[in-house]
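Have a look at these structures, which come just after this line.
Two complexes, one shared chain (chain A), two partners (chain B, chain C).
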Partner chain A sequence: MARSMAEGMIAPDTALVRERQSPRYVLQGRAPALQAAGRLLGLDDAPALLRAATGAGGTALRLGPFELLLLPQADDPAGIEAALGAVPHSLVGVSDRNVTLTLEGPWAARILSGLCPLDFAEHAFPVGMATRSVLEKADAVFWRTAPHRFHIEVWRSFVAYAENGIREVARGITFASLAI
Partner chain B sequence: MLLIACPYCGPRAEIEFAYGGEAHIARPGPGVTEEEWAAFLYLRDNTKGVLAERWRHSHGCGRFFNALRDTRTDRILTTYEMGTPRPDIKEGEAA
Partner chain C sequence: MSGAFRVSGRGRVDTARPVSFRFDGRTIRGYEGDTVASALLAQGQHLMGRSFKYHRPRGPISAGSDEPNALIGVGEGARHTPNLRATQVEIHKGLVTVSQNRGPRLNFDVGAINTWLAPLFPAGFYYKTFMWPRGFWDKVYEPVIRRAAGLGKVATAPDPDHYALHYAHCDVLVIGGGPAGLTAALAAGRTGARVILCDETPELGGTLLSDAHSRIDGLSAAEWVAKAGAELKALPNVQVMTRCTAFNYGPHNMVALNQRLTEHLATPDPAMPRERIWQVRAAEVVVTAGALERPLVFEGNDRPGILLATAARTYLNRYGVLPGKCAVIVTADDSAYRVAIELAEAGVRIAAIADLRANPDAPVVAEAKARGIVVLPSTTIQKANGNLRVRSVELAPVADNGRVGKGQRFVCDCVLMAGGFTPSLHIHSQARGTMRFDEVLGVYLPDRSVERLRSAGSCRGLFALQDVLDDGAAAGLAAAKAAGGGDAERPAPRVTDADAPGAGGFAGALPRRGLGSLALAFVDFQNDVTAKDVKLAVREGFQSIEHIKRYTTTGMATDQGKSSNVNALGIASKELGRAPQRVGLTTFRPPYTPVTFGAFAAHARGDQFDPLRLAPADGWARAQGAVFEDVGLWRRARYFPRGGEDMHAAVTRECSAVRTAAGIFDASTLGKIEVVGPDAAEFMNRFYINAWTKLGVGKCRYGLVCRDNGFVYDDGVVGRIAADRFHVTTTTGGAAGVLNMMEDYLQTEWADLDVWLTSITEEWGVIALQGPKAREILAPLVDGMDISAEALPHMGLKEGTIGGVPMRLFRVSFTGEVGFEINVPSGRMGAVWERIWAAGSPHGLTPYGTEAMHVLRAEKGYLIVGQETDGTMTPGDVGCGWAVSKAKPDFIGKRALALPALNAPDRPQMVGLLTDDPRTVLEEGMQLVRAPEAPAPVSADGHVTSSYYSPALGRSIAIAMVKGGRDRMGETLYAPAIDGAAIKVSIVNPVFYDTEGVRVNG
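Up next is the complex of A and B:
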């Protein structure tokens, strides 16, 4: 898909883009397993709870006390299994299950506030925070990668629903701002 | 909307959670009698006052935890991790 700027525009200077498929893994395990995965990605340790950390090998999102969502640079499940070795864990490939949406622009946080009960103010949801929550009625992972940029992961069958919801809210709040 | 303090994620909106019934009910072993099994399945205290109950942060970290809720006011007094004993909090107190 061509990434022309005009194509994904949903509000003034704010774009919604459906990213192409990339490798993703869900790792469940206790601290030693999460630590081993963090080190594989070039981190000192697994990220703190509800935080994302990026190393040379990719990004890890700590979605729960015993859960990491791994976004490695290279799709190498055998390499991850080798790094985890005999440490008890569960590693599941979800590359095809999830779709990533990038919402970027000055309206991004306000648009998400119309779909999700989280507080997206920067003091409450700082850059680097990542968590699972709801987007309208669908499960979604939210990761703030920059003050005005969000990485959103939804399940594939919900992606059209999620995009429509985001567009709908964008249309509503920008219309309201024009009317004032 | 209720805010429920997940022990791992902090205060979150009620719609992120799923209810799991009364907490601290031990499943009986294989030598159980019919009466004990029926009690395990069906008999609950139906407390008027502070009730320990299970919740799951199903649209968040995915973990089960326990909460003490006053059933008359819906006020959640505290939340605590699975496997830890019930905190000794009386009616009207908050953690």
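Up next is the complex of A and C:
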């Protein structure tokens, strides 16, 4: 990632990178379905609401009471279906729907505060938190993977709008920015 | 020394840093820290602008954001900004400023004739005077009035700067950095709470920076401000924002701040946003907005050289500038005496202090008298004389019975007004807080807050400095605690040497000798509203202050009543013979001070105004020279002109290709929803009007959605992928709405169902391949799949791969020809498209756009939701009564569809229309009537919803909604045209082409 980081520099030590496509599934169901999916990824349970958890098999983002966004290591929908068995659920592939952007660097949270009304202070939006919200006028999923790194997913047709919006906010972010 | 009126050793400007700028083409010298107003006053120039209506010469009355007179244009070209307050505009090298509303020059303005015509322009004159002749209003009166009135000129070139918007979150937001704001921020900040302190000026301190008398903790007021500011800056949990105005209080403590970043800089970094809006979500808000001094209302009170006493004090102590050489002070409050003493110390001759009160007896009054200043109690100002500058005044005695006697003329070059202080209620009022009238102070004060907001200091009527500091500290600590913070040492600054506040003040027009029916005594300087305008409004029957405001325009527009409010109320109250609290108070509207459009737009400009969604084949279509149209946020190819074709020629060619060979179309923007779960079929049964239980796996069905009112909401083909899995399509525009409606029912009505929804609009790219040769083109490309008419009939569905790419293949048609909709993962659609294109070229495969798509479907009488329907059409109206399931126990809209009114025989029904002349293409939206020359008004029998030239029929066709239309086949109607004769049409079957429907099954 080091080379692409340098290319995507949008603010001091802060980069925006469009990630390559990787498997994505929306899993919806009641608690037993979400638990089963968590176990499949090597977790004890489904992550708590608005939290992400990563196991040996991949990551699950708990975006709603009945919803996980799965980022599995391997693209094996049949394996997931098999693990869920007869537990009522809905598994739908969205690998081509979602595009992932990584925003990383000391200005990342402050840049996002120009695009989304959520509080991105670390105590309010800690590492491991994930939620669906707005990125200006687009829907987006925000997941804080490190104090200065965010994993952002938007739908394919919104990616240019999202990237340009992030770049526009980054321009001038260092001037009289919020520091509390 | 920059300017004859500059005093050395006073003020906070940096005399080591001279700054030159331009005003009306002249070079003016000032110092770093000056405003345009202070720099001009230092030259002895009070005249800075012309008034709105009468073009009266005007100078500043204030030294802050409440300035109604000294409005100037700043900057050049695209950066020119009109109507900025000279009292706020900081000077820097290269700054270019101009005066406004003058013609041709500031000191010679032909428009000033309006002053002499003032008796013709009373309040509401434009409602009365310009009624006749009627047609003159649009062409003569309004343009002339608009040109004569108004203020600055607006830049017309695109704004070259960029602007920012950020959301911020804090425990305590303190609005105002004066004495109360400083102690509030200190108190809250010491608890560790996240605190934002904003102030509209460049420096913290507020009135303390103008106070050369009071001492706090043994320090001068300015030194104490520096100490408090340093402590705040050292606290990591406190952010101080200067040049930052809280201008709007939204619901739930969402407060908008406007921060000006570059305006005061000579050469700002180009990357720096010019302004930034902060949308602050604050758990608690402390408003320390202070109080504004009131002008006095007397004849000629707008002459340049007449200003507020506090403003004179600010110019002296903050900028080192004297307002003149010889001052008359008119006061109703003790505070003016300290100003008089300080000005006298600085070398201004005080001609007299006229005190409206009979017995001013505060210690500061005695101090002034001891300095030899003439104090005239029970004295009013009858009139100020002068034109471009005040030259003299008449001060007249007021007898016990209120009668004003013969006065005495005092020569002076400035007059200071001290009418008492009006607490700033704007923010509290914007937050929907209630107000109460304080009988002692004669002003409104904040009462109850609706939001998590508390007012502190002089904005709630506390005027003693010690009280203000203590109140701020208490409010700041209470706010921090309410936001969940802990305890901390509360700041307790001790004030010594301060003057006791007077409880003086005056509201209304000053007593005068004679009726003054021609006297112009201004209440609202910015809107040129005089005392007699307010009186006239009352005489003409207006009793509520809200009505008086609208009739006279007092307190309107950008000023929002800052200087005028209480005086207008005082006059109205006296004229009506009612207590002020029974006359009311106007609503304070946001913004507190004007905000630029650039700041409001922020990032949302140009291509970033709205997301532009590009379909997967967008790049291919661009390379083919397509002409595009916006469909919602999507950009879709409308047609593909070849060799200079116009739209008509291109669409004709594209339609013919689809009918005779094959066409390729990017249908990816259609909404798609995957409905999955054991209860999927049950959910579909309840949601759609159609029945789904018997739809087999691998089959498709056309589905219609109604609202619970029985009217068509959306439509689309639904495929059953598995027993528990439906692939639902919606219209392009309806995608989000249908998903929301599904979720709404699922979460609120049918939470028991085990079914879940996922938007797959962007997961699957859709290539529509339509035409008699479609199968021939596609068959070799699909991997090991039989797509013959027998294996995959119309409305069939198969899963498989195409060149190794996963595919959901729908045999569906929106053209009436053999059709396939090839769903492939959107990221790989481009490659599949290219393969089909290459394979199809030998067969005459032609790309077609949305325009041909519309024509092809109209030839077949297929409806488009939103074109044939308008939110009041039932399925039966649009010929889809067959789709309404009779067997299902319930579905959305079932009850409504059983209502007699929705089954009446004269419901509008979808029919076809043919014109007598096959070349005549009707206008969509044309009304249809029975007689060609029926005199208006005539009720229509229907209207045209779709109208095209049909290449397949070689003539025009149209679809219409006509009352009882299905039983009126062959009947003649007329479509009245805007120009020319009504067009004769016949009602026909809306299926114009291949009425038997054999082609689709080919």
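Basically, the second predicted complex is superposed on the first by the 168 of 180 C-alpha atoms of A that agree within 3 Å, B and C clash if a C-alpha of one lies under 4 Å from a C-alpha of the other, contacts with A are read in each partner's own complex, and residues count from 1 in each chain.
The rule is simple: a residue touches a chain if its C-beta (ideal position, glycine included) is under 8 Å from a C-beta of that chain, and two chains touch if they have at least 3 such contacts.
The structure presented is a predicted model; accordingly, all values stated were derived computationally and were not measured.
Contact with chain C, but none with chain B, is seen for A:95 once the two complexes are overlaid on the shared chain. Taking chain A as the reference, the larger set of touched residues comes from C, when chain B and chain C are compared. In the superposition on chain A, contact is made by A:50 with chain B only, not with chain C. In the superposition on chain A, A:117 makes contact with both chain B and chain C. Contact with chain B, but none with chain C, is seen for A:65 once the two complexes are overlaid on the shared chain.
With the contact threshold set out at the top, residues 66-67, 117-118 of chain A are in contact with chain B in one structure and with chain C in the other.
Residue ranges on chain C touching chain A, taken from their complex, read 162, 164-170, 194-196, 236-239, 241, 259, 261, 269, 271-273, 276, 278-279, 281, 603-604, 607-608, 610-615, 634, 674, 676-678, 754-765, 825-828. Against chain C, the residues of chain A that register as touching in their complex are 21, 26, 28-30, 66-67, 88-97, 110, 113-119, 121, 124, 136-138, 155-158, 160-161, 164-165, 168-169, 171-172, 175-180.
Within the complex formed with chain A, the chain B residues making contact are 1, 8-9, 12-13, 15-16, 59-63. Residue ranges on chain A touching chain B, taken from their complex, read 49-50, 63-67, 117-118, 131-134, 139.
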